[in-house]
Amino acid sequence: VTRPRLRDLGISVGRLEPGDGNAITDVPGVLVGHATVIADEPRTARTGVTMIVPRGGDIWENYAFCGVHVFNGNGEMTGIPWIEESGLLGSAIGLTNTHQVGIVRDELVRYSVEHGHVDAFILPVVAETWDGHLNDIDAFHVTAKHARAALTSAAPGAVAEGGVGGGTGMVCHEFKGGIGTSSRVAESPAGTWTVGALVQANYGSRQDLRIDGVPVGREIGLDEVPGPGGKDAKGSIIVVLATDAPLLPVQCKRLARRATVGLARTGGYGHDGSGDLFLAFATGNEVPAGGDGTWPLAMVRHAHMDPLFLAASEAVEEAILNALCRAETMDGHLGVAHAIPVERLAEVMARYGR
Amino acid sequence: VTRPRLRDLGISVGRLEPGDGNAITDVPGVLVGHATVIADEPRTARTGVTMIVPRGGDIWENYAFCGVHVFNGNGEMTGIPWIEESGLLGSAIGLTNTHQVGIVRDELVRYSVEHGHVDAFILPVVAETWDGHLNDIDAFHVTAKHARAALTSAAPGAVAEGGVGGGTGMVCHEFKGGIGTSSRVAESPAGTWTVGALVQANYGSRQDLRIDGVPVGREIGLDEVPGPGGKDAKGSIIVVLATDAPLLPVQCKRLARRATVGLARTGGYGHDGSGDLFLAFATGNEVPAGGDGTWPLAMVRHAHMDPLFLAASEAVEEAILNALCRAETMDGHLGVAHAIPVERLAEVMARYGR
Amino acid sequence: VTRPRLRDLGISVGRLEPGDGNAITDVPGVLVGHATVIADEPRTARTGVTMIVPRGGDIWENYAFCGVHVFNGNGEMTGIPWIEESGLLGSAIGLTNTHQVGIVRDELVRYSVEHGHVDAFILPVVAETWDGHLNDIDAFHVTAKHARAALTSAAPGAVAEGGVGGGTGMVCHEFKGGIGTSSRVAESPAGTWTVGALVQANYGSRQDLRIDGVPVGREIGLDEVPGPGGKDAKGSIIVVLATDAPLLPVQCKRLARRATVGLARTGGYGHDGSGDLFLAFATGNEVPAGGDGTWPLAMVRHAHMDPLFLAASEAVEEAILNALCRAETMDGHLGVAHAIPVERLAEVMARYGR
Amino acid sequence: VTRPRLRDLGISVGRLEPGDGNAITDVPGVLVGHATVIADEPRTARTGVTMIVPRGGDIWENYAFCGVHVFNGNGEMTGIPWIEESGLLGSAIGLTNTHQVGIVRDELVRYSVEHGHVDAFILPVVAETWDGHLNDIDAFHVTAKHARAALTSAAPGAVAEGGVGGGTGMVCHEFKGGIGTSSRVAESPAGTWTVGALVQANYGSRQDLRIDGVPVGREIGLDEVPGPGGKDAKGSIIVVLATDAPLLPVQCKRLARRATVGLARTGGYGHDGSGDLFLAFATGNEVPAGGDGTWPLAMVRHAHMDPLFLAASEAVEEAILNALCRAETMDGHLGVAHAIPVERLAEVMARYGR
């Protein structure tokens, strides 16, 4: 039985409408692929890789403008220096566990080499969160093949959520977490665009979880649904935002910074152990890898960015909640991460007037 | 009749306890002074200056570590280059209207010169928000005397809130806004410290206002309590955080970034026109202006920062709400900014289970 | 008798050609104006204001992309938060002394208000260096009228250098310094553009001065030409770079960072007391203040930026040297700043094979 | 026959004295290890790994304050988000080729895991430059064993320079480049400390090379000593600075920024393809990985930093020149990189009065 998404429960957050699939793949050309690594022998594996591929795979030859914001930097995201310098993304984006950022990163280089993108980007973006509670992370389960499989399986349309891909072993607000996605349609005087978010959610304390302002984490406390135990200090959240708006690099950075709003509204405040790293890319301009002369571009006026900012805030908030709703209970290396009980959730929301 | 603070209404936010005065002045040595400029002739004045003076006025000779975070940079705060470079604050902090940052800044220089702090800081910090709806801002009402009056009147203890000092003409979530303050006591394995916040709140749309998660702005809509009209795009919020914890500059910056959480939870998302600039200073280390050799310092371990982060988030959230609760209805240059109706607020909160 | 510029001495630095006037005004539309304040009674004044006005004065209605780099932040430049956020410059740029950034900044606001640029930028850019050795800076000599005069006198063509405008009282490598300018023509596969630099040079020790690699400061030491005495620790350099290339904000920031190269090659290393703040703007794109829809833009490919980087490095280096060559000996508040002796300079250069 | 270092040629740069070994290992506790990978079959290998290990290997349990500056970000350095957030370094620093940052990074994680540093840093720092001219980089020659060998062989004392370790296949100013090191003793009113630099130098055009201001690259042009051919656009330089001064994180960042000065003075200007990433760490404070309470620290006053800034500038300049002097001619994948001819160099320097 597949668990519901947030809206299947009759709950929604924010005031903008989602896109058709309520997923990052609503942004034209954005593909998502997962490789999920689950095994009990010889050592417990609950990990994997997720790949986000912009421009239908043409990203190595047609870059996207990009910006990064670090809300709390206790985490890793490769590729930041060149994004900061150039405002360009020229590769797929990988998400995996903390110990194995390297192998996924180098495999993206190898893929570029094999496909003749040798003049193109060799500074790929791979980010991580720590799944060591459910996953025996010191066993280094992820291989180059997993990274390649996530990449080659990337597809448009519905995105598997919860305990899949890079999100396999993740825990969020002491419930089972993982991958979540959502989108919003942003209408501004300059045009109508889609903003999509995908999160790898692995952060937060139970007591701080709130949904549309309702203190769900206090209502469904650790006495009712136990947490996985252990310390949660290594938790983190990676956010990837995509839009088809013609944003410049500075505007992508502005968009990325709004992920903080969605995170804060579900109960995150950037605890010390958290790697809260946010990346936003925009495909509304063509930026070919080669060629001479100057590139023609377009830019949304800053004064028309507010709908996009709101869309980013809301999409991130709902993506986190989708990760929580869709994730199924998982046992693993050091304990069990329970899924949030959706009937109880609906009941609590109703009691608070939602 | 003085209007109540948030807690006087039986409403509270967060899970930490406030300090004795629930104000930034709970941090030992922090003084606050206001100069309020209100006149109807010859041109409408609803403006002023607020000064925050660390270390009981000794800040020019005993610096404080300091950090800044800009959530949305459509605003001004002087002094940022040296804070970023050195991590030091060596002056009082001024808050005023957008057009007159300069006169307040230069007056702080003059004060330093007059008091023989000539070897000390001449790069003072002055920030602003735009009060042009209630205040005829193009009349440049603030004088050097107002800046000086705010500075010399700075005192410990209770802080006037709402439409006073730099907050005089400010509007927040389309209610009357202005100055607000709050504090939290943070207990960590490393010690117990106070975190105080003072805001000059002048941002936000009515529909986005939420209090402890309750959609107050939708419940008390513009049809029930009209906004001041006009565009709110120039709204902004300045946040000053103070603590007596021995934080290093990087840690002050971390603290400042948490103001985003408090802002997001009351309904801000950093709209384009907003100057959302946050500064945090820490007085737990002595940093004399002169002398040779090395300075002895102490530092809270990063792993023990979480209570301080939570304290900052909560103090900012409540400081904004105190600004709203305490501010009285004010008419002015282009219209009227209504105070939030506190009885209705209490009623709405109750209906949502608070 | 007017003193020569560097090239009048047969000395040049770098390998690119200067523009027609070897000045920032070689970039079409860039105007420069000075107000010089010199008086001996009642208190010694050796100070002033310089204004750089992009787009022939249309900058308030047609913004320019812009970026800032801070090499050492012991200085002030207002307007940085919005430049960092938006990548936009929407006002003239003022340069003055450290104590009076505010009055110049507010006067730029007043000018905007008077000229109906009320929807436009009210966050102007004003930077400073400290002229307290020659100028009795504590007397606050600069008035709003000086700021206005510098602004309204801004003109294309030749730029007065040395002890004029904001540079009036400045000292550089313990010789008389001040305003200097230079330009370079940059040819890249994407097009040919001009890069101009204007500096307010007030930094550095004698022993560190080098010209085209020749240790001029050691050859013409303090025993031969005394320095002004006192401490030089408050010295600084402000650099403004302009180009007509169609650069994006991230690219302007890249350009600004190259000012470090020109500074390093003349002997600067960013001493603690120095405010080494660099701003670059690019007028190759039209960015109207108003309007709906998206803006059409163009962008130089990053891979074609090298000639622009080299141009910026060289123009800054030569602008500093022009400030030194053109400045005349000046006595003032606490001493005398001697002009670099140009015959001796030529002799030293020849001896080192130049 | 071992080639000479710069000072063996009677040439020196700067005005401060080097430490005993004129190497980064002059900073007490700093160890350096190399693994050099050279093979002609089946595919050409000219690559390797260099490891810099602070605190005699105790860095995993006793962190060092740290700061990063990116002069031009076309390169990779993992670990930056946590350094920016915390100011802490908690691992060895690896240097290798562009394609294989990942494998070296993950091996540092594995080493931490094996040695029980599991509560300690799992966000290691690995940086790269591109050796694809001499090395068939697409063959991915570096293995985890190479990374481990560089780490376990790290030792105090003399450091092999030129074409060794991560510098094996590097090219600099179109001569053979690679690893170089140097140090300076900095005396300030606050104390006497050592600043050491190690560079992996792989940047620059021949025509821009200058040594102590002498235009060596124009004198010994490509007609006299051919370059390796091909494009140099992917060149880069990584700089690691170490000091035993008690610097705070903000001060480490200040120190790192001064590497720009040394680079600029040898002829670098940060060309577009260059990853010019600089890291500085300071061991003057003890920062244990665990424990409660607050840490006692010391800090050099900012006003006493100038000798350290100058030391960093000079050590970087000389480290680059040592890499050039010590490197031997190497043939490889696509051509030959010639060593700079040291007799000619001495002759040119003499002719320019050095």
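The letters A, B, C and D name the chains in turn, as written, and every chain counts its residues from 1.
What we mean here is this: a contact is a pair of C-beta atoms (placed from the backbone, for glycine too) under 8 Å apart; a residue touches a chain by one contact, two chains touch by 3 or more.
In this text the structure is predicted, and so the values were computed from the model without any measurement.
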What clusters of chains are still held together by touching when chain B is ignored? one piece
Farthest-lying chain, centroid of Cα atoms versus that of chain A: C
Give, as an integer number of Å, the spacing between the C-alpha centres of chain C and chain B. 35
Measure off the straight-line distance from the CA centroid of chain A to the CA centroid of chain B, and report it in whole Å. 33
With chain centres taken as the means of their Cα atoms, state the distance from chain A to chain C in Å. 44
So which stretches of chain A touch two or more other chains? 72, 85-86, 254, 302, 304
Under the touch definition given earlier, write down the residues of chain B that touch chain C in their complex. 70, 72-86, 98-107, 109-110, 113, 118, 122-123, 126, 130, 138, 140, 275, 277
Interface residues, chain D side, partner chain B - complex: 85-88, 189-191, 246, 248-250, 254, 291-302, 304
Contact footprint of chain A on chain B as seen in their complex: 15, 71-72, 207, 210, 212-215, 233, 254, 257-258, 260-261, 264-265, 268-273, 302-306, 309-310, 313, 351-353
